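Both complexes below contain subunit A, partnered by subunit B and then by subunit C.
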Partner chain A sequence: MQGEHLEEYGPKWSDQRAERLLGALVCTVVALLLALIVTVIVRAWPSFAHNGLAWFGAGGSVEDQLNQVYLSGLGDAAHYVYTFHAWPLIWSTMLIVGGAVAIAVFCALFTSVFIVEFAPEWMRNVLQPVVRFLASVPSVIYGLLGVLVVVPFIGNHLVTESQKSSVAGVISLSGYSLLAAVLILTVMIAPLMVSIFSDGLRSVRPGWLEGSLALGVNRWRTTWKIGVRTARPAMVAGTVLAVARAIGEAVMLAMVSGSIAFAPNPADGLIFVYEPSRPLAPTIVKNVEALGSPPANSTLFAIAAVLLFSAALVSLTGWVARRAMRKYGATA
Partner chain B sequence: MRIKALATWAVALLALAAPASAGAVTLIGSGSVAAQPVLQALFSTYTKKINHKVHFLYTANGGNAGVKDVQGGKSQFAGQARTPLPSDAGTTYVKFYLDGLCMDVNPHNKLSNISIQQTHDIYRGLITNWGSIGGSGLDTTIDPVGRDTNGGTYNFFLQAVLNNELPSSNVNALTADGLVVNAVKQDPSAIGYAGLAWQGRGMKTLKVNGVPCVPKKISVEPLKYPLSRYIWLVLPGDGSSSPKALTKFIDWARRSPLAGEVILKAGGVPAFNKKRKRHH
Partner chain C sequence: MELATPQAQSPSGPVAPPPTPRGPAKGAVEGSATWRLSDRIGLAICWALGLLFCAIAAGIVAYLFIQGIKFLRPSMLVTPATSGFTEAQSGGFSDAFLGTLIVGAMGISIALPVGVGVAVWLVEYGRPAALARITESTIEAIAGIPSIVLALFGTVIFSSTALAFLSRTSEGVVFGRSFFAASAMLSLVALPLIVASTREGLNAIPQHVREASYGVGKTKIATTRRILLPTARPQVATGAVLGLGRIIGDTAIVLVLLGATQNLEPTGGPFPIDYLRGAGTTLTNFVYETSPTGNLNQPQKAYAAAFVLLLMVLGLNAAADVIHRRARKAGTWSH
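Up next is the complex of A and B:
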């Protein structure tokens, strides 16, 4: 009876039901992802085609260009305007993401070393859940914190009147600034890094650390030379994730970075960090209502394509770096 | 768009929860943030006192976005704070109630009156220091704050103050009226604009051309307070295809004395509502 039963339904199919179902699911997800990429690129193409490499360059006011692009879309297709030079947005993204990631890597590295290697047991038990919780706080909460606390503090206490008047009429130094954006973004992405860095540090083989300690190398040197070195692939992975989150962050940055597509100029001296700017992702958020105008639609999709491409590039760089470091062992 | 999706889900959930009250109608609207406090007050009064079976779902995503929703069939009506533009084809604008766009400064500022010309010059970047404006008691750099392009308030300000020129680059364009209020409240050198309903929340309301921004002075025909405006309801097509429940609500909101009181209390100025007879 039992044998008949098996033959009737075929052992092969019933055995493979799970993998075929899951396989189909994965294929659907991959197909959707491809469709997404293709849609974004197709929609973005007119904007890139009309501007060429100048799309990434500087020139003119981004605000005026976006306005012209939007208005031309209300007329007929023959007179669509696509001129758009995104450099202030790209520069702002680079500054804010770069600044935040640089500070966050530094802080996260030492925090995770402390949590894993030096913190007493009770403290570790408190810190770990707190860090994991912080890593999952929605960004809009950080945005509120920025608007209610950080921005007014910078505007009222750090920026001086002479600094404000030196750029009067061009930009307002009212607290919505590079500094506010970098600070809050750092707070946002650092817990993510700490969480992944400490996973990496924990997965270092205890024998390697013990061996080093047995040779009489002190605890700090052991941690630094063996633990941190071995966990480097995990650190790259954590940094990649954090960079990707930082590049795509829109809501919080739209709230605190200032809303002007201005390219902060390091040559301005200290004022530089108080200058407002607007990265790529918040530009999309702020202009959603222009989506009805075809050329504006294309321009916003072009921004989306650049974001997508940067995220992919970051992942790729991370993958290459991890491959190169695979011989060191520990991964998260 | 995310807000829209959320709203759709909320409606779906409401629809699941609704069978208890059979025959109930949910009217879906979106648009003006400036009109939100008044609309919400009218909605809840209507559902509580006039017709229990009519419910409302309003997403404040900005007047211009609301009109797009009506054009795309995603909303049955939209709140709008500016006059019709050519891009609003296929919609009907209905005058709803009156609102004043008030100019606000921080309470530290001693200024009490500002002219349209001065406001224009500030937002065009021609005047950048409070010292150039007599009576402010400040000599700091002005931090002008405004709305971003998603708001009908922005378009109204552009038309009424800036002669349709774009604001200068030193104007900080924020995404919501609440953020404008917050910015003015926290920065002694700031100046901003917001509707009547937002006044008095830690900001100082200025007279414009000598006329105070108070309900009594808000009028378009004849124009008294210079930044008076109609808040409009935007309907698809010529308005005749709207559901009965919606037209009934609009009629009630525009005409009834009760709705007039609700509008006034929520920070608007009733334009067409009959006055309740006074008993001495």
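Up next is the complex of A and C:
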């Protein structure tokens, strides 16, 4: 047996060797992630060190600051400028991600309940491929449709002339707006949530649902009181994944958000949803050419570090929330 | 059971067999007619949102098909892009099309072996347990890293002098933008999907199959290669197809790590290597640059390229579906 085996695969594929080889591969992948985290933090450090907590604060024009930072990098190292206050970018990220996630959670919850419990067979057979398709459309296609369809629609039909003239001295309302960004981002992240939410709903033990039905509770109430509650960890997992995706979305938002580092103020009334802005990730995309200048490089890596840290924080929050739910016997 | 259930049901209406929450037979499901108004409104919201999703998807496909058929000429797929001020002057996007194929092939040929290897280690070996847990979190973390951050990380790796042979060098400065750089980082985008899907496939194989193989004297790795991986092939293939879709759909990494040129720009070296070391472009990058917010602003070209890209994505989705259905029909252990 042993001899035949060796003949077949050669000594190269001995078990120990294979285990060591695969182990080395796994260690490489882990090391790569560590290298990524360390690199991003090391590269970002000068920008954070020069600005301190003011990095996250407001003050001055972000565009001017980025330009100054870039130009200073062309001179000698003694005159590097790092001054950068990212608040408009952070605020824009919060508004867009928050808005999109809030809408998407609502839509995804109802849609996944529909798919798992209430849709007739034919509808289910249509809806599942549709959701999978929407999740796989490249973000640049969403961006293109946003720029050529959604943005002109908002600019020409939703924003009134009086609204445009009321802010004429500050910014122009051309349709590149929070509203466009939030709507398209919702369509991008909701399918992700739907697929994870429905997996969660499907894994609820039938006995629990049947128990409720046997007590005379109708199917709708049973689904919400038993099914959705039991599947809460899956809801959290799906939401976490969607938030991470939304925070990191760069290309589509670079196209439709207006790409102006402006902080829309909700205190101005509903007009703020028509105002342009630019989140953190698209700022990197728009300034890729500046990577050659050391201070600008550091500033862009600082933005990347903030993205990385927020994504990690979101996952951590989700993990804590799921852990807290585990004691109710909920399934993830 | 059969006696008790009709009493729990609504008193009106015919006596129905006990309701089952999923996959019920026709006519066995309690209708919504007896529900309270609020519940029925909820169901209406469900229907509305379901139909809305269908409408959005249909809208995207129909709109891009109309625009694509209007503006796409077959010659565009074989004509390289040239600089020009009007849509008629600027040629086609053969280089972008070719770039997408190259990036897809290279990215998946890195991601597939690594992903399968990691998944096999996790399911079949997984010792020490601490490393297994760290690896799981690592894969999860890689899935959560924004691709623009991966792209920035790539600029650091591939600009190092040690990897100068993978891209162009001028005056001692390593350019760090090439098909090698972009594909390597893009493979990380596909990796988590392949690992997750392969693990699912391996986990679905009952333990007694492994034991039978060990019982006739096969080693672990022989069992994996000869029995487990072939059985899990549908899942591996599904993961690879989904990963490929992500790779060809990604824009941020291509934008940063492929040099964002209009054409393929071979640098020194023997034939295939010179192109792979050079900068280039892909369909996603082309769409980005030709959209009104890009540098070129030629929406007709953007529509044509987006249409081609959408067809590729639809094709990959269909392929994943076919693999899935075949596997189910073949009746392997896994679904």
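Here, the second predicted complex is superposed on the first by the 306 of 332 C-alpha atoms of A that agree within 3 Å, B and C clash if a C-alpha of one lies under 4 Å from a C-alpha of the other, contacts with A are read in each partner's own complex, and residues count from 1 in each chain.
Convention: a contact is a pair of C-beta atoms (placed from the backbone, for glycine too) under 8 Å apart; a residue touches a chain by one contact, two chains touch by 3 or more.
The structure presented is a predicted model; accordingly, all values stated were derived computationally and were not measured.
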Fit-or-clash call for subunit B and subunit C when the two complexes are aligned on subunit A: clash
Touched partner set for A:183, first subunit B, second subunit C, both or neither: neither
First (subunit B), second (subunit C), both or neither touched by A:288: both
First (subunit B), second (subunit C), both or neither touched by A:171: first
Subunit B versus subunit C as contact partner of A:61, first or second or both or neither: first
First, second, both or neither for A:260, with subunit B first and subunit C second: first
Touching partner for A:81 - first (subunit B), second (subunit C), both, neither: neither
Touched partner set for A:95, first subunit B, second subunit C, both or neither: neither
Partner chain in contact with A:276 - subunit B first, subunit C second, else both or neither: first
Residue contacts with subunit A in the superposition, subunit B compared against subunit C: C
Partner chain(s) touched by A:147 [first = subunit B, second = subunit C, both, neither]: both
Region of subunit C that runs into subunit B when the structures are aligned on their shared chain, from 79-87, 115-123, 151-159 or 187-195: 79-87
Subunit B and subunit C contact sites that coincide on subunit A, given as residue numbers: 147-148, 254-255, 259, 285, 288
Residues of subunit C that touch subunit A when the two form their complex: 4-5, 8-9, 18-22, 29-30, 32, 34-35, 39, 42-43, 45-47, 49-50, 52-54, 56-57, 60-61, 63-64, 114, 117-118, 120-122, 125, 131, 134-135, 138-150, 152-153, 155-156, 188, 191, 216-222, 225, 242, 245-246, 248-252, 255-256, 260, 284, 287-288, 291-293, 299, 302-303, 306, 309-310, 313-314, 316-317, 321
Residues of subunit A that touch subunit B when the two form their complex: 61, 63-64, 67, 74, 147-148, 151-152, 155-156, 161, 164-165, 167-176, 254-255, 258-260, 262, 276, 285-290, 292
Sites on subunit A touched by subunit C in the complex: 1-2, 5, 8-9, 13-15, 18-19, 22-23, 25-27, 29-30, 32-33, 35-36, 39-40, 43, 107, 110-111, 113-119, 123, 126-127, 129-134, 136-141, 143-145, 147-149, 187, 190-191, 202, 206, 209-210, 213-216, 218-224, 227, 241, 244, 247-251, 254-255, 259, 281, 284-285, 288, 291, 300-301, 304, 307-308, 311-312, 315
Residues of subunit B defined as touching subunit A within the complex: 1, 62, 64-65, 68, 86-87, 125-126, 128-129, 140-145, 148-150, 166, 168-175, 179, 182-183, 186-190
